[in-house]
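Pasting the structures in now, so scroll down.
Both complexes shown next keep chain A, but they swap its partner, so chain B is in the first and chain C is in the second.
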Partner chain A sequence: MKYISTRLFRSLLTLIIVVTVVFLLMRMMPIEGYFGANFDKLDEAQKTVKLQNLGLLDPWYTQLKNFYTDLLKGNLGESITYRPKVAITKILGDKLITSLKLGMSSLVVSLVLGLGLGILMARFKGKFMDKLGTVYVVGANAVPAVIYYLLIQVFFTDIFNLPLLYDKSNPKSWILPILCLSLVNIAYYAMWIRRYMVDELNKDYVRLARAKGLTNKEIMSKHVMRNAFVPMAQYLPASILYTVSGSIYVESLFSIPGTGGLLVTAIQRQDNTLVQALVLLYSSIGIIGLMLGDILMAAFDPRIKLANEGGSR
Partner chain B sequence: MAQKTIEEIMNSEVVLSIKDLVIKFNLRGQELTAIRGASLDLHKGESLAIVGESGSGKSVLNKSFMGLLDSNGRIESGSIMYNGQDLAKFKTEEDWIKIRGKEIAMVFQDPMTSLNPLKAIGKQVQESIELHQNLKGEEAKKLAVEILNDVGISEPERRYKQYPHEFSGGMRQRVVIATAVACNPNILICDEPTTALDVTIQAQILQLLKNLQDKYNLTIIYITHDLGVVANVADRIAVMYAGDIIEIGSSEEVFFDPKHPYTWALLSSLPQLGVKGEALYSIKGTPPNLFKEIKGDAFAPRNPHALKIDFVERPPYFEVTPTHKARTWLLDPRAPKVEPPPLVKKMQELYIEAGDKVE
Partner chain C sequence: MSSKKIIGKMADSIDPSLFDFAEYDESKSELTGYSNYSFWRSTVQVFMKNKVAVALLILMVCVIIFTVIQPYLPNQKSPTQIYINPETNLQYRNVQPNDEFRFGTNSIGQDLWARIWSGTRTSLFIGVAVGLFEALVGITIGALWGYVRKLDAIITEIYNVWDNIPSTVVLIILTYIMKPGISTIIFAMCMTGWLEMARFVRNLIIIIRDREYNLASRCLGTPTNRIITKNLLPYLVSVIMLRMALAIPAAIGNEVFLSYIGMGLPLDIPSLGNLINEGRALMMDPNQRYQLFFPAAVISVVTISFYVIGNVFADSADPRNHV
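Up next, the complex of A and B:
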């Protein structure tokens, strides 16, 4: 528990530093961005009024103080340019849920299929199944994703008679985006679980288990699979949380109103409040994800003790 | 502890009988003959030590009793009779599952890696019990704790829940032995059980194995290249060279009246027999290439006493006593008389002196 509280404290510190730095960087950008296409049409006085209203003419420390006091009250502010005068929470709310829903479905699909494929590949190492899997893994990684996203969109909509674009109320339209999101991840999980299982299978304890009279199946299910999963457990929570950040390609291809690419847009449009909220969100996710990963790994592997850091492992 | 007499052992039933076993491996397109027609009878309740240098086929021979040969290895000919079944004919995993653990169990060399690091040690012992002794849950756990106690682990109740990394090397080897004993096997194969341990622990582990042998009525095969281990525990010794058993006899016969020149050479290389100031004896040359067919006696090229026939025809077993036989033409009545090397004679003299004093 002590470990977790110190870790949380440090995470909070990291978070504050990250957010503050981003906050200050945004203030150092040229002011043109706040006006977009209207920049040339407005005169100096109008511009000053607008900046004044946004509080951008206050000294930076006042702005920072205001930001943190609002944040403590749970107020993320309103969007400046992306959707002016709309609360950030309202903008993000729907988008996050959309991305999370698709992302989580894809993650479940990837884990089930990826781990399944990887386990099969490890069991039949060097045989046909393994080679077929390797072809898939190499293919999914080597071919640029956009190419097969397009192919999937073009051909699968025809063949399986599925909708071309995402429609919130039509679950059938979710299938293709989820498939696209999963393809690379399936390959990723299959590759790693296969590799970790093959590592485990070559260890001496497997030989002892075999000499004890366990069948291959029992050795796989009772010993190897769990041990091979430990190194993957560390990254799992982070992957789950990261699904909220969406995917630019897939979301624009199927016109999904998700968070994919939102941060890029927000920075381009110089929507300070939106950028700050997104940075806060993504950083927290990264930090919490890593922490949960460490805790999860410690739960699986008794050799890992979180309390005494800098130990033998 | 009462050592069994050699007569008692030879009169007890044969539990495992190997006849003319040939084991081949496919390696990089070539064929390697790892075991070249070895024969061996294992008697109930004995401790048999199989000694030989690295690559002589000790481990391969023993793995073949459990169907644990690597996938590129196969039994070419010969038989391994156990309980009326020929293990050499076994092909599928279902066949072997009936033998592994239940009938023949094995203790491996390196205790540091032989246990699953993520499983409590008690669970790993319990797994053997649940597999082979028809006990489940609490009952199996009780027996596991009892066996942990038997292998000399103090506070077994508490240590049942601990993980391998919380144990020292010697303690882990005790746990490994416990997992093997928990299968309740007839035959226990110990593949270099003390090699990875430090000297003070070695003696304890050997003593433990002896005690367990009495308590659980085990027949034990020790695989080792350490003749010191052999002297302590073995009733009989089989000496292997290039995939064949070239001499077998009671411990005393092999140690003090060896007949095969290879056994002479092996004993002469014992550091304990070295004379201070003189270089230790070492066997000249290298073991034969097992990719090629071996003609005559495999040891002949390294044997200073080799006869012409050693290069032409493989020697049969010559019986020295009913319990002692060796594959060397030197035992043929027509062979010239060859004296064993001085170091071996020195051992003989020491032995005879000791015997005189006892009488």
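Up next, the complex of A and C:
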């Protein structure tokens, strides 16, 4: 318990620094973004008035102070350029749910397929199945994702007669986005579970289990799988939480109204409050996910004690 | 005087042939446990056993040489010139691949073949530059982080903060603040890329720093630079080479990503990211898909090759895999 509270405190400190750094970086950007296409049409006085109304002409420490006072009141502020005068929470709400729904479905798909593939690869190590899986893992990891997303969109829509774009009410249109989202993760899970299982298979306790007459299947399910799953447990909470950040490629290709491109758009349009809110959200997700992962790992494996490794991360 | 004489006499009685160089005899040398193990020779030997990696390495060497000399070969078109059909006086727009334009032309009449090789050159240059910088900064900071105990807490805190800023934010803001161009993109990628390398090096150094063999070396009075080059470096080489080899596909992917969101290189510089983007705009027309497929194929081959070569080399540079 003491470990968790110290860790929470440190994380909070990190979070504050991160948000402050991003806050200052945003203020360093040129002012064109605040005006969009109208920049050249406005004269100096008009620009000054607009910046003043947005509170951007105050010294940076005043702006920072206002930001944190608002934040303490639980107020993330209003969007300034993306959808002017709309509360950030309202913009985020629907988008988060869309991304979360797709992301969770893809996570389930990739866990099932990824673990299955990885276990198959470990069992038939060095055989054809393993080699085929390795080719897939290498391809998915090395090639920039957008390339096979584009190919999938071009060909699979024709071959399987699936809708090209996402439609909330048509479940058939969800297949391709979920497939795209899963491809990299399947490779990731397959690679890790294979590596851990191969590592575990070479250990003494497996030899003992074999010596006392357990079948291959029993060794796999009762001993190896359990041990191999422990390191995976560390990443699981973070990957669940990260699904809310969406995928910029998939969401723009299939025109899904999710959070994927939001950060990029917000930065391009210089919507400071939106960027700050998003960075705050993503960073806290990262920190909390990591912490939950460590706790989950300790719960799975009694050999791991959290208090000893405090601060090592 | 007399003691000198005695020493001289004793020296005379020693058989001078003892001080001759012995002839090298492998079977005798094995008796004393000497082995002619060489780190690099074993690495190369293990690497050569993997036929796929060797084939890809040869392929990549050919590709790199070709991208460099391609503009100087005869009958090559310029990647940026717009070609105009002398008969109709119009641009050669979206010409299908033929004898003159091997990969066809793009929507304003530029030669896709020349643009792809020029783009590969740009992207590879970005990748190599980022990889080298990452190695340099990553190793330096990682080594300090791991070796100097006082710095550990400070750098860990800096790492935590920097790692928690989404790299997309850093990439985009940097490309926004600075002028778009190759150097900006390299700088932006370096700013986000060195973190992982530093962490890898740090963790490795912490693991092997206080191993018994290093302790023994230190007790025997081995100078620090020999400890670093003979004891630590062979362990680090595999990781460093892996990270550098993977930095190239990663940089190409990042460049594609930045171009995709419209923050990449200026459009007049052919790069693989820009080419993919041009192809993407036309991909719904089956006749124009070659403009997406050719760059996509080149990117896939290059990234997969570097990925495989890096991984196989890392395995073979690991002393544990040497027999």
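Worth pointing out:
In this text, the second predicted complex is superposed on the first by the 305 of 313 C-alpha atoms of A that agree within 3 Å, B and C clash if a C-alpha of one lies under 4 Å from a C-alpha of the other, contacts with A are read in each partner's own complex, and residues count from 1 in each chain.
Assume contacts are C-beta pairs under 8 Å (C-beta built on N, C-alpha and C of every residue); 3 or more make two chains touch, one makes a residue touch a chain.
These numbers come from a predicted model, not from an experiment.
In the overlay built on the shared chain, the residue A:Val49 is in contact with neither chain B nor chain C.
In the superposition on chain A, contact is made by A:Pro30 with chain C only, not with chain B. Which of chain B and chain C touches more residues of chain A is settled by the count: it is C. By the touch criterion defined above, A:Leu57 reaches neither chain B nor chain C.
Within the superposed three-chain model, A:Thr14 lies in touch with chain C and out of touch with chain B [touch as defined at top]. Look at A:Leu208: by the touch rule set out above, it reaches chain B but stays clear of chain C. Once the two complexes are overlaid on the shared chain, A:Val108 sits clear of chain B and of chain C alike.
By the touch criterion defined above, A:Val86 reaches neither chain B nor chain C. Of the two partner chains placed by the overlay, only chain B lies in contact with A:Pro302; chain C stays clear of it. Of all the residues in chain A, the ones that touch chain B in their complex are 203-205, 207-216, 222-223, 226-227, 230, 300-303. Listed in rising order, the residues of chain A touching chain C in the complex are 14-15, 17-18, 21-22, 25-26, 28-30, 33, 138-139, 141-147, 150-151, 153-154, 248-249, 261, 263-264, 267-268, 275, 279, 282-283, 286-287, 311, 313. Here chain C touches chain A in the complex through residues 153, 156-157, 160-161, 164-166, 168-169, 172-173, 176-177, 249, 252-253, 256-257, 260-263, 276, 280, 283-284, 289, 292, 296, 299-300, 303-304, 306-308, 311, going by the rule given at the top. In the complex of the two chains, the chain B residues touching chain A come out as 66, 68, 93, 97, 99-102, 105-106, 108, 110, 113-119, 127-128, 131-132, 163, 165, 176, 179-180, 183.
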